[in-house]
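Below: a set of structures, written as C-alpha cells.
Presented sequentially are two complexes of chain A, the first with chain B as partner and the second with chain C.
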Partner chain A sequence: MKWLSDLFDSFRPQFEKRGNLAFLKPLYEAIEFIFFYPPARTATAPHVRDPLDIKRYMSIVIVALLPSICASIWFFGPRILLMILVSYAVGGLVEVIFACVRKTEIHEGFFVTGILFPLILPPATPLWVVAVGIFVGVFFGKEVFGGTGHNIFNPALVGRLFITISFPTILTSGWTAPGAWRGAVDAVSSATPMALAKTQGVLTPATDLLLGIPSGSVGETFRIGIIVGGIFLMLTRVSNWRVPVSYLVSVCVFAFVAGLFGWAPATAEGGASAFSFALFNLLGGSVLFGAMFMACCPVTSCYTLPGKYIFGIGCGVLTVLIRVFSGYVEGVMFSIVIMNSFAPLIDHVVLQMRYRSVETQGN
Partner chain B sequence: MNLKETFGKKGAKTIKNGIWREHPISSATLGICSALAISNKVENAIAMSAGVIFVLILTAVIISLLRKIIPSRVRIIIYMITIASGVTIVDLVLKAYWPTVSEAMGPYVPLIITNCIIMGRAEAFFVQNPPKLALIDALANGLAYTYTLMAIAIFREIFAFGTLLGVRVTPSGWVDWVVLAAPAGAFFVLGVFLWITRTAAGIEPPKSS
Partner chain C sequence: MTFNGGYNVMLEGAPSPGIAPYQKPEVLYLPLFSESLDFSNLQVEHGEAVTKGQILAKDPINFSVPLLAPMDGTVNLERAERHIALENLSSAKEGAAMQAEDENQRQTLLRMGVWSSLARVDSGRIPDPENTPACVVIPVSRLEPFFPDAQTLLKDALEQFGAGLDLLHKILGDTEVMLICAEHDSGIKSQLQTVTAERSAWLKLFEVPELYPFDSPALAAQLNDLNPEKTWATDLQAVLAVRAAIEDNHPFVKRIISVSGPMVDSPGHHQLPIGYPLADLGFRNGGVPLRVVNGGVLTGTAVESAQLGLDCGCRSLNVLEEMTKREVLAFVQPGFTKRSYSNTFASFFKPLFKEKFTTALGGEARPCVFCGFCESVCPAGIIPHLIYRYLDHDRPEDAYRVEFDKCIDCGLCSYVCVSKINHLELFRAERQRAIAEAIEGE
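Entry: the complex of A and B
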C-alpha cells in the first residue's frame, strides 16, 4: 500500500491552490477517500499504521474490476448496466433485510458480490434469472452462514452454480457476440472459445483472447483488463498473490501435460501442440477472471500460506480435468466451489503438520 | 372442537407435541431422507404420507398392545418385524392397485422400514403408553409428516415442473427450475422449512460444545 500512498502524495501538489489542476481538487479528494479512508493511525503502541478496513478492501476490488466493467459495457452494450442494477437491487434488498433483522451493519462485502455476479454471466441472461441468481447467492451462499466473513463458498459462484443447474438452456445459449449491439459484427451470437475447442477442436488465437474479440461471460472477455486489475490487487496486497499465481501456473502445467498425453482436442492440422493447448487453457474461458477475482477471495480460500498454494493447485488441476474430460465446457466455477469446500480441511491439515511438535510439547 | 374434552388432558398434549412442539421432522430431524427424496411431486408425497401413516398406526397399535410382554433386550427386533410387515402390506397394495405410483416411488416404499419416525416413536412412545394414546400419537406424527411433505412438494412441483398434481398452473413462458427436481434442490426447500417452523415453534438449536 505504501507505493500507492506515495503515488497520491506525488500528485497532491498539482491539485493544491497553485497547482495546474486545482479545479479538479474535489475529484482528487474523492478518489483519495476511496483508497485511504479511514485515515486514523495510532500515535502510541500498538501501532496501527494503515487501518485497512472492509470498506477500503472492497472499494479497491471494485477499482480493480473497472477495466472489465467498462470493457463489458463497450462490448455488450448498456444492457450490462441493467444487469448490474438488478443484481445490486435484489442482492441489496436481501442484505438490508438480514442486517435489519440481525441488527448489524450492512457490510460493504456485498458491493463486490453484486458486481462480480453479473460479470460471470452470459451477456444475454434474462434479468429475472440475474435476480434469482443473486438472491440465491446472497441468501444461501452468504447470509444463512452468518453473513460477510462467515460464508464457506463464494456467494457469486453459488448464485451462478444454482442458475447453471436450474436453467441449463438459458445459461448455455446466451453468448452474444461482442460488439453486436452497436453493429460492429454481423453475428448476433457466437460460440465461446471453450465450446469451439471442445466441439470442433478449434483453438482461438491468444491475441484474440487478450483483446476480447471472441464471446464469453460479461466480464471475462477483455483479458488485458483482467490481468491489469489482478496485478493491481496483488500489488495492493488485497488479494494474496499465492492463490492466483499457483492457480494459473498449475492450469498451464496440467494443460501442457494433457496436451503431451494427446488429450487436447484435435485441430484440422492434426492435433494442437501441447504448448498452444496450455496457452489456450491459460487465456481461454474464465480462468483469468476466476483466479484474479474469485479464487483469491480472503474469506473462502485458505488462510495458511502453504494452504494457499495447495488451494490454487487444486483449482488448477480440477479446472483442466473438468475441461478435458467432463461434459461441461468450462470448469473454473466448479473447481473454485469444490476447493472452497476443502479450504478449511487444508488449513486444518497444514496447521496440524506445522505445529505438531508445539502441541506435543504443550502436552 | 375442544382438544382437551375430546382426547383428555394427555391426549391433547400428545397431539400438540406431535404436530407442533416435537415435530418429527423439524424438531427431531427424523425422516429427512424420504422428505428429500419423495417430495418432488405432490402425487408421490401423498402416496408416501399415506404409507407412513398406515405403518405408524399399525406399529402403534401392535407395539403398545404387546408392550407388557416384549422383553426389553429384543425390543428393536420386534419393532423391525412389525414395521416390516406393515411396509410389505403397503408395498403389495400399491403394486396391485396403483402400479404407476408404485413405479414412480421405486425403492422408497420398502425403505419406509428405515424411516426413523416410526422407529423413533415406537421406542420413545408406543412401548410406554396404552393403545389409545399411542394411536393418537401415531396420527399426530403422521399428520406432521404429511403436511411437511405437502408443503415441500407443492413448492417443488410448481417450481420444478410448473404443475400441481399434474395440472399445469404456471403461465406459458415458464422456465422449469431443474435443480429443484433433484434431491439436492430439496435441501434448499427443507432447510428453509425447518428454519421457519423452528423459529415459529421456538425450538432452540442444540448447543455446540
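Entry: the complex of A and C
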C-alpha cells in the first residue's frame, strides 16, 4: 500500500491552505481517511480506546442490509444498482458541498442514508425521482439542521415523504412484481399486499411475505433477510433492541385489537381472524424494514431508555391506525416521521420525571 | 444490590505476583509535584545533608503534607528543574527511625507521609486532619488495568494489615471501615474474612462483581448510601504504612508499585523509594515511542518527559506504545485481534483474550450519534452524552440537575465512545472548576 500512500502524499499539497484545490479539502480528506486512518492518538485519560469508530459503526448497517440488497437485485434486476448509484452520487454531492462550505469533515452518516433511501422506493421509480428525493432528504432532512447527529427526522424518510407527496402517480403505479425482469412471473406489475388487503380484503399468506413473493418497495420484500439483518444489528449493539421490539410487538397487539373490534378488512370467508390480521400487519408492508432499520436510528429516535419504548409503541399504534382508518394503505413512513418529531418532547418528559425527585431534594 | 454497566478492558501485560528485585539507584529525583500535590514550600537548602524521613518540602495548600527524604543523602536543587535530586545515597541504619514526639497521632501520620494517601470521596482531595470521616473505604481488589495485586501486597502482611485497620479506625475517631473485594478473588476474600470476623462491629466487607469500575470507593459510597462528604478513601498500602508509622516509626517513603502494560518485558511489582529514576526502570528504550501512564490506563495521567523520578502519589506505571502507524482500511478489517464493547469485530467469536492496546484513538472525532453505549456502560446510572452536551454548551446547572455529581470518574464513557468524544476530560475540568469555586467561597 506504499504506492497509494505516496500517491496521497503527492496530491495533498494541492488541497492544503494555499493549494489550488483548497476548497475541496474535506473531499480529499474523506477519501484519504477511508484508505489510511489519521494516526490520531489519545491525549489524556482514558489512554486506550475501544477500536469501534463511526466508519465501522455505519458500515455495519450496510452489512446488515446486504441480504435485502442482494434479494432486491435478484427480484428487480440490475436497475436497483443504478438507483443505489444515483442515490449515493446525488446525496454525496450535497454532503460534499455542505462540508466544503462549512469547512468541516464529511460525516459518515451519509453512507447509511444513501443506501436506505433507494431501498424504500418502489422498484420502478425513475432515476430522476431518486435523485430529487435523496437531494431533498439530505438537504432538508439533515444538512439544514447541522448535519449528522443534529437532524430531527430520518433523512431517507424525509426524501421518501417528499416524493410520495410530490409525485403520487409515479409512486403508486410503479409496483413491479418480483422476478418480472427475468421473466420469472407473468405479470409485470401487481398490487402490493397492503393495497390488496385494503381494497379487496385479501390477506397475503405469511410464507409468501417472508420469501418476498408479493410486490413491494425495493428492500422490503425479502422479509427473512430483513429479520436476519435486524437481529444482526441488535446483536452487534449497533441498533438498540428496544425500539424495534416495542414497535413490532405493539403493531401485533394493536392489529389484534383492531381485528377483535372487527376493523380488519372482510375476506371472502367473512372476516379475517384477529390473529391472522395481527400476523399480516407484522409481516406485510414495510413494518419490518421500518422497525429494524429506520425507527431505531439512534439520532432521530429517543435516547432515554423509557423513551425508546414509548417511541416504538407510538410508531406501532400510528402504523395500525393509519393502515386501518386512513386513505393510505401503508403507515410506516408517516408514523416514524411523526414520532421523530415527538422524540425530543418524549425525552424531555422522561428526563423531567426521572429527575424531578432530585430537584425536590435540592430545594 | 444491583450493579449497572461496567466493562473490563482486557489489556495485555498484567503484573505477575511477587516482588521483583530492582537496581539500586545512584540518584533519586523527587518531583516537587504529583497529580494532586504541589510541594512549593522548600524546607532544605542546596547541598544540605538529609536523613531518611526528613521533610524536604511541604504543600502549603494541602494541610502542609510533606515530601520526605526516602534515604540519607545530599540535596541537589540544581540538577533538575522542579525536582529535588538526592545524591550520595546511603541506606539509613535500622533503628535510626524517626523519634515520635509527643503529638497527636494524626499529626504523626501527616509527618510520616501517610496522610497524603487519604482522599475525600466527593472531591478526591486530601481531607482536613481536623475532620473525622463517617466511613473509610479501601479497595482491596483493583480492577482497572493495572494496579498492584492485592495478593502480592498482603503476602505475609495480613496481621499487619489488621493492626493497621485497628489503628486507622481509632485514629480517625472510631470511623467505620469498608473493604471492597471482588467476588471472584476467593483467595483474598477468605483472608479478608478472617480480618473482618474479629472486627465486625466497624469493619465491613463489600463484595463486588469482577468488573471495572466496581472497585471504586465513590461507587461503593453511592451503593451503600454513605454520605460522600463524610466518606474517605485510601488504599491497602497506606493501611500497612499507618501501622509502620505508628508502631515502628517508619516514614512512608517506599512503595510497592506495579510496572506493567503491553510494552513491559516482564511486568511485575517492585518496592521502590519515592524519586526512583524512571530511566532506571528500563522501558524507555525499544525503538518505538512509548507512553508511560502513572496509574491505570483508563484514569491515570501520562508521565511527562520532564518528570525524572517516581512521584509520591504513584501506585503503578503502565506502558503503552504510542500509535504512529496509519491503519489501512481499518474499518473494513474483520478484526480478529480487536475486541470491542459492541460485537462488531470478528473477535466476538473468539474466547476472551488479552489485547495489545496502543494509544490509538481508533477513529476520527465526530458529533455524538446517540448510540447509547456510554449510558449502558456507566456504572453510576447517569447519561454521559447528555451531561457532556450540557457542559459543552456551558450549562453546568443543567448537568448537575441530571446528576452529574454521581459521576465517579471511571472513564468508561470515553472508552466506548463511537464518536471518540472525551467525556472524562470535560467532566474533570468541570469538577476542578467547581472545587476551585468552592475553595474560593470558603
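The criterion applied here is as follows: the second predicted complex is superposed on the first by the 312 of 363 C-alpha atoms of A that agree within 3 Å, B and C clash if a C-alpha of one lies under 4 Å from a C-alpha of the other, contacts with A are read in each partner's own complex, and residues count from 1 in each chain.
Definition applied: a contact is a pair of C-beta atoms (placed from the backbone, for glycine too) under 8 Å apart; a residue touches a chain by one contact, two chains touch by 3 or more.
Small disclaimer: the values here were computed from a predicted structure and weren't measured.
Q: After superposition on the shared chain, which partner residues are touched by A:109: those of chain B (first), chain C (second), both, or neither?
A: It touches chain C, and chain B stays clear.
Q: Report for A:101: first if it touches chain B alone, second if chain C alone, otherwise both or neither.
A: Neither partner.
Q: State whether A:166 touches chain B only (first), chain C only (second), both chains, or neither.
A: Touch partner of A:166: chain B, not chain C.
Q: Considering only the touch criterion stated at the top, classify A:140 as touching first (chain B), second (chain C), both, or neither.
A: In the superposed model, A:140 contacts chain B only, not chain C.
Q: Looking at chain A, does chain B or chain C touch a larger number of its residues?
A: Tallying touched residues of chain A, the top partner is C.
Q: Chain A residues touched by both chain B and chain C?
A: Residues common to the chain A contacts of chain C and of chain B do not exist here, since the sets are disjoint.
Q: Considering the complex alone, what residue numbers of chain B touch chain A?
A: 175, 177-180, 182, 188, 191, 195
Q: Provide the residue numbers of chain A that touch chain B in the complex, in ascending order.
A: 136, 140, 144, 162, 165-170
Q: What part of chain C is in contact with chain A in the complex they form?
A: My answer: residues 9, 11, 291, 293, 297-302, 318, 320, 322-332, 335, 338-345, 357-373, 375, 383, 385-386, 401-403, 411-412, 414-420, 422, 424-425.
Q: If we count contacts the way the header does, which residues on chain A are in touch with chain C in the complex?
A: Residue positions touching the partner: 1, 5, 33-57, 59-60, 105, 107-109, 147-150, 235-238, 240, 298-299, 303-305, 351, 355, 358-359.
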